[in-house]
């Protein structure tokens, strides 16, 4: 075991996969000499050279398209979006090109798009978004959202080895703020498998990404009130671990879904819908959601704080649900 | 057919690349052009009989571009054709049966009924399949040629775009990326004067689209797109340049879309005289005349090719009509690769 | 009252608004002399000239961006996407530029993007999509989905007069297939107000767009079994008429949501989630959804038929829910 | 400041447009440049004190481009600035207090704390606000100028993009649209040699970015971006051409980004010598020297301008720090217009 930050977990997966498999290469803006806006790719160009760590022109559609073309020819590209917000510039390439090739003519498109996402860093409307729900709605893509350093590494390794386009949402707020044990050597976290971060019998909290930590903190506080919330970290959104979600909710009878992305049309709606359809008989209360409010991500700290879910907001929802 | 007064081929037929072509190569190109034209005419009649799923977009009048260009590629090179480039697929060995199954939405087709038109790809043959969104294939083709640089195989990627598609952002992003990394890439603008109903003066304001080459720092060439040998020559040089590390080439081939945008379109918006002028320059008739003038296409051979082509098409149509449609639940298959 | 096709409803709204307000203009590919791929704008260039009916270069980002700029300067542009599938090429312009301007710096962006959408026409993966859910998740946009000729006209009129960017999803399958009475003169259907297309006491069916007709047909058949399904046509998705949905479900106790878009992450998930949260106490059965399967839209007719919701599939879900 | 050996202004200072400038105009430009530089330096120190919300991207070294260009616009014209064009905002009358409130996320700022940096717009002043996504403002600015054509006001829109941003698809789509409809549009490429850490040879392979003009059929101009009068002259001609129906102009202004991409970036990747060379060409010092050499800027006036500028900035910083932050629930407001 090695203790790593979330950021180091990502870097370590990239480095090890590039060593293991020479078809793996990285491309993106400023990822070479500069090591990326967040220094995730630091040191890679020194080790692997400029034809495996490509500094690209500022053109997201080209970056994703080039990755797709290289993937079709047998390479295994890992794209870095400088911020996940810029994925909208490559939207067509992702949802209509990469995602649909295998279904249409059977070729494999093994590629990863790393998207530094999320708020809480006063980045304003264009450096804070959580765009996962758009891609969650696109058959042919996989979507993963690590919450720990170990998962950051293990899910990226799995994504690189996957033969499909994988959207990898790494949360910027976690980069240097969390540290945990990462198994040495080959560490793969399978895509599509959730993990219970905290057992509990009174309610199920379904969450992912940075909100895992917020929910854990809220659950600690709730415990003082004699109520045990179970925290399910989905880890993957597409495919997601439906069995784990249903099993937990069927056991606890109550479900709270928490995500940082905005509420209406967020992925939480789908989880709520599935619970309402498939665990209906077990429900002892309404399916609740805590999410960001339905606005762009505002810039000024008091606004952003109001916008985002917080420990207090999650705790209040937990208490409310517990009291139901 | 040869009743019409046909313009001479004004190809630089004495260019080295063209002179190096054997008689068989020339006849293969002729055959591919005939196959393309006749196959598409069959599609048109099947469309009228209501047998085609979806629309039919023919490349009638543009056969010299797709056949001449694809003939300049090596087997290991990458072809990324667009919606009027059936000819390029035939050059690469596309089987009429497969193509017909594709148009008829059959399970035997290359997309197993999942997609239509020219949207298939064959990764074993280094053929990339387009999506409808014009321009989207450009960066993908660039990426494929980048892979060719990385793996040392120096595979040249050849991709196409229309006068209309040239306005899309990915034309710019893709070509710029290709230029910066000097990948072995050839982009052919098939300027056939219209994008659906939109004439070129509502599409761009530069004189020629090849004027864009300098802005990317890539080689630019203009060519008579109705002269298959001229197209071949320009493309051959571009492919060689690309393979030798000379970077991308942007080629503008001037031609004319001789039928509607798709078969439901009677192209009322195209001046009749314009079509009349271009008919004189029909790429197949011109090439045929050239071959005949040079005693390369005796009437017996011409007839034989014609017979073969038509027989293959009959067979393909017959085969496709007898082939099963997919079963509904097959829709669930293949969303993800293993 | 005049009987019109759905297509004529759209044309009539465009023509009347262009006559009424000279700031209204149309732009898009082939909408001038050709009258648009579906002939929606037929006759407009003859009446209003080429500076109010602009044939644009083939460049969706430019089209939407130009419309946004013109809207900022006080014009009221109506964009035509040739097919809704191509909106992905303008995605960034829509979700990050048009949608967020008012929130950020207070300027109005009165514009409409008309998106011919939907399947059932053997258009294959790129001429059949229903992209509404992506936009449903974007605060700052409005999203409308007319199901009748009268609504096609009334919602388009409302959209043109709205001071916000409105995504107008017109269903291709309905263009020439349905005809209904359209009120003469100024006909405005307010954005955000649902309509009950068929009253019923045994279950609530929440739907929109072309699926309204499928649900009505299924409800007819269900009636023969002595069961009355209420059909709520949402008409607008963003904002949507939450009160109407909840009122109906609270009355019937059962909810079925039907849409043509694919299931996972479709807008139906949000409606199901809201029902599960806010009408929980009234529910006598699980919230069910009927939607397309989670794949690209396949091309060959048997595949597309399997893919899409149909009268039979909706009827089966109704029966299932009725029996619960 | 004037210790450094400063290059001469090599502007075509004898161009008619420049000669037509009154002394006051020149001093206003000087003042705007000084204001820009000093204001940004204050931002840098506030950033270091942790008082800025988010990052700080200065236009240090690029002041001649934004001030010279915006000075060429009429009041009714449209300005669409990018992230290093604070100078252009000052030319248009931006108040330091507003700008400071913006950077400090205050309710008094033009976006009421909703957005940061240079992301505000003022529709009453015909100023369009950028979004972070580079290039996205280009078609929007084109659309604004199209409106100017439609409403007969012939408002010219001036927009900016970096060497990096020029690679984005919307550069192509927007400029092409502008060219086809001959809208009154001026696009200025601020080529400051780097896009974040990316040098120009990894951004494009053409010789100069202005080489792209011909591919759109628009007028192209290259200018010394550190010579405010040269920039002014070229832009003035472009604005007049646009207003007279001559269509868009693409201007490439060569300059240098003198600080990091943003204040967290020490630009270790920029060769020190390169910065040294460009420091000799500092646009403010050059202009100052020019004004002094021509007896247009007596030391008293220079001091007065400096004092005024610094006082305004002090006042602005003070005002902003005393201004209230928004209250949380204000986040809910303004998503939709009435």
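Letters are used for the chains, namely A, B, C and D, taken in the order the chains are written, and counting of residues starts over at 1 for each.
Keep in mind that, in the parts below, contacts are C-beta pairs under 8 Å (C-beta built on N, C-alpha and C of every residue); 3 or more make two chains touch, one makes a residue touch a chain.
Fair warning: this is a prediction, and the values are worked out from it, not measured in the lab.
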item	value
Higher-contact pair (C-beta pairs counted), B-C versus C-D	C-D
From chain C, the most remote chain by mean C-alpha position	D
Chain B and chain D, separation of their C-alpha mean positions in angstrom	46
Whole-Å gap between the CA centroids of chain A and chain C	30
Gap in Å, rounded to a whole number, between the CA centres of chain C and chain B	37
Mean-CA-position distance for chain D and chain C (Å)	41
Residues within chain D bordering two or more other chains	111, 114-115, 119, 131, 133, 167-170, 172-173, 176, 180, 202-204, 335
Residues of chain C whose C-beta touches two or more other chains	56-57, 59, 61-62, 85, 88-89, 92, 96, 100, 103-104, 125-126, 139-140, 294-296
Touch list for chain C against partner chain B, complex	29-30, 32-34, 37, 55-62, 82-83, 85-86, 88-89, 122-127, 293-296, 298-307
Chain B residues touching chain D - in the complex, by the definition given at the top	167-173, 176, 179-180, 182, 201-207, 209, 211-218, 247
Of all residues in chain C, those that touch chain D in their complex	25, 51-52, 54, 56-57, 59, 61-75, 77, 92-93, 96-97, 100-110, 139-140, 142, 163-164
Touching residues (chain side chain D, partner chain C) in the complex	78, 110-111, 114-115, 119-123, 126, 128-129, 131, 133, 136-151, 155, 157, 169-170, 172-174, 176-177, 180-181, 334-338
Footprint of chain C on chain A - complex, ascending	85, 88-89, 91-92, 95-96, 99-100, 103-104, 125-126, 133-134, 136-137, 139-140, 238, 262, 264-270, 272-273, 275-278, 280-281, 283, 285-289, 294-296, 298
